[in-house]
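The same subunit A turns up in both complexes below, where it pairs with subunit B and then with subunit C.
And now, the complex of A and B:
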């Protein structure tokens, strides 16, 4: 596996590399080189199976992170190929020509995050959210509680037992005055 | 004049089916549903007694609560002891068990199935999610109160309620049927416009007729 990472590092400069465990490795590549690396892994290194394709919203950096999880049946190795794409114009190349089933993942990501994959079949069709009109709901600036209160009817009388609040109430009733607890900011 | 006036009223009483394409509107009925009155108090009492002893349940698991229906059906809890049998189609069912949370995509199918069921029909709402949203109270995709979309006869609280709780719920439903309190079907007809308004507010792609399948 180290040889493979070295080899790929020779082909392109990896932006980050992390070894999670012996059979699970992650590395980050540039968006432009993604397709090339994926097809190399598929065609020459035996990573023939695309296990999943997932997106993460890093709103602070203004980026979406895409994870392409590949699996090698012979060596039983997992590789996660990560790439960061711009959050404002979220758009990246479709990989449905490498793995035909990727279109379904891409359709879901398009619905949930609003990332476009030009050329991917049926990518604009709704997947779970039929007739959705708002911002894609898995983006972190989407306020799901506010939307729920606006759209659905609340039944009055709902009380919360938030564990943090409950334990604070129970253990430190006079929390700020209690001399037994010293906080770092004092 | 009088006839014309009557026709106008009749036209207003028809369902618009606005979401259907123009060419398909003639294929679907535009009749509004009508209430069913009891023929006679004593006869209805006998019928209700009979209905309560033969509940046919629509086996449509709408959420995670459907998991609890499997042990209820099979030998451990054996709901056939209580005269309850699962049916595969809404046309043959009289009880609709909503199994837990209902997402917007599911509530569309719930409304379709509920309207296809023949009367008398009853609804059991299972789990906290149908009462006030439960743990999905702030979700963008699950409804909070089921009784705004279809009439509910019995709620079973819990997350999840065990099969014993379900049996208790079914027994409560039977008591209510025998007492003649399960008028959900007529309630749906009386407040039809209100229910439709609520349903259409969340089901944005309403591409089906308004009623009558």
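And now, the complex of A and C:
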């Protein structure tokens, strides 16, 4: 594995490398070199199985991280190829020509994060959220509570209680010195 | 016209002029020509555990185009987990796949333990392995019922689902829950085996083997089953990498990929797990392979019951779980479920909530890309059998 990392570092300059455990390694590449590296790993290094492709939102850096998890059946190694793309103009190259099922992940990421993969088949089709008009929901700035309060309403005639208040009121009213409400961590 | 339909529907060889022409491997379909019917299979159908629909276009009774639609079961677990503390994520994940929840439990705990650098005690590892193998048996028993039901043999389904209930009884004794067990908590397991468990489990193994003999005689040796499943939905070795096929679906066409052997986890490196493969790749070979796999799981359960340590800790020393902060990092852990590679990708950012958790279910590609490809040019009546033979579990597609 060290040899492979050296070889790839000779081809391009890796931005970061981490050995998570013996059979799992992560490295970060520039977005422009991503397709070339994936194609090299698939065609020449035996990493033929694409386990998944997913995105992570690092909103504080203004970046999305894309993770391409590859597997080599011979060496029994997993490699996570990471790349950081700009959050504002989220768009990157499609890999549906390398793996025939990659379009599915790209469609999901487009729906959940709003990252575009130009040329990917059916990428604009809805995956699980039919008729969704809000911002892509897996982005970290999507406020789920605000959305649900705006969209749904309480069933009429129903009241809710704050569980902590309710317990204090109902159960511990007669026992103000009870250890249950005088715990150190409160 | 594919080779499959040539073999399977010999009569169609004579005249294909009424079928659509294909360009670049895709049929040219003009719905206004009144030659085709568009219809839905699902979202409710026998055998597939969960809701998923296939939009199909048929020409006569032959499917010329299929497209999978999911979204009936989206519960947003991945988003929910971003807003919850680590320990609060744990009861969510078992809901990702109903017939086999334990793989999810194990994987999310394993990912947290790896990121937080926690070592699980020896006995807990054995108990986890036992739990995973038992859940494989329960899931496969349900699958036999689905595959038989899709061919109109509901009785076999009733036998096996009835037997699965006895396995759920064992789960109830072991974990307290029948369907969702929430047993493999981060750091170890929740409980030790109850008194008399080993004897009951051994009895049940004997009874299950007896039932499986009946299943073999009435299902796998049945001429009707053979004639319908042989040649249906052939997966070729080239398709395995192209479509990310894993598990029994990949092993049925000769790909040696079983995570219990390739990347052993828990105690599988000390157990005698065999790589079961076949070379045919059709629905019948997948059925046989899964049948052999249940026997292997039964063997493994007996072996684990012999070797499980009597004494020992079952839970590691854990920090305060209500305020558990995991150092920043990321990992991908995987395990072999009955459908194949099941994995969890977890990214932590040093706070008490995960930054991202992604559950990679094997059905993700099997139910969409692979099903859409294999459903072309098969008979409408074979679609249910094909869906079950890929062993899809829709909840793990949309999480």
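The criterion applied here is as follows: the second predicted complex is superposed on the first by the 154 of 186 C-alpha atoms of A that agree within 3 Å, B and C clash if a C-alpha of one lies under 4 Å from a C-alpha of the other, contacts with A are read in each partner's own complex, and residues count from 1 in each chain.
Note that a contact is a pair of C-beta atoms (placed from the backbone, for glycine too) under 8 Å apart; a residue touches a chain by one contact, two chains touch by 3 or more.
Computed from a prediction, not measured in an experiment: that's the story for all the values here.
By the touch criterion defined above, A:153 lies against subunit B but remains apart from subunit C after alignment on the C-alpha atoms of chain A.
In the superposition on chain A, A:137 makes contact with both subunit B and subunit C. When the two structures are aligned on the shared chain, A:129 is found in touch with subunit B and with subunit C. More residues of subunit A are in touch with C than with the other of subunit B and subunit C. After overlaying the two complexes on the shared chain, residue contacts for A:17 are found with neither subunit B nor subunit C.
By the touch criterion defined above, A:101 reaches subunit C but does not reach subunit B. In the superposition on the C-alpha atoms of chain A, the part of subunit A touched by subunit B in one complex and by subunit C in the other spans residues 126, 128-130, 137, 144. The part of subunit C that touches subunit A in the complex is made up of residues 70-71, 74, 76, 78-79, 82-83, 114, 241-244, 246, 255-257, 262-263, 322, 329-332, 334, 341, 343, 345, 347, 355-356, 358, 360, 364-365, 368-370, 398.
Contact residues on subunit B toward subunit A in their complex (touch as defined above): 103-105, 108, 131-133, 137-145, 148, 198, 201-205. Residue ranges on subunit A touching subunit C, taken from their complex, read 20-21, 23-24, 26, 48-52, 54, 56-58, 65, 67, 69, 73, 76, 78, 80, 99-101, 103-104, 126-130, 137-138, 140, 144, 185.
By the touch rule above, subunit A contacts subunit B in their complex via residues 126, 128-134, 137, 142, 144-145, 147-149, 151-155, 157-158.
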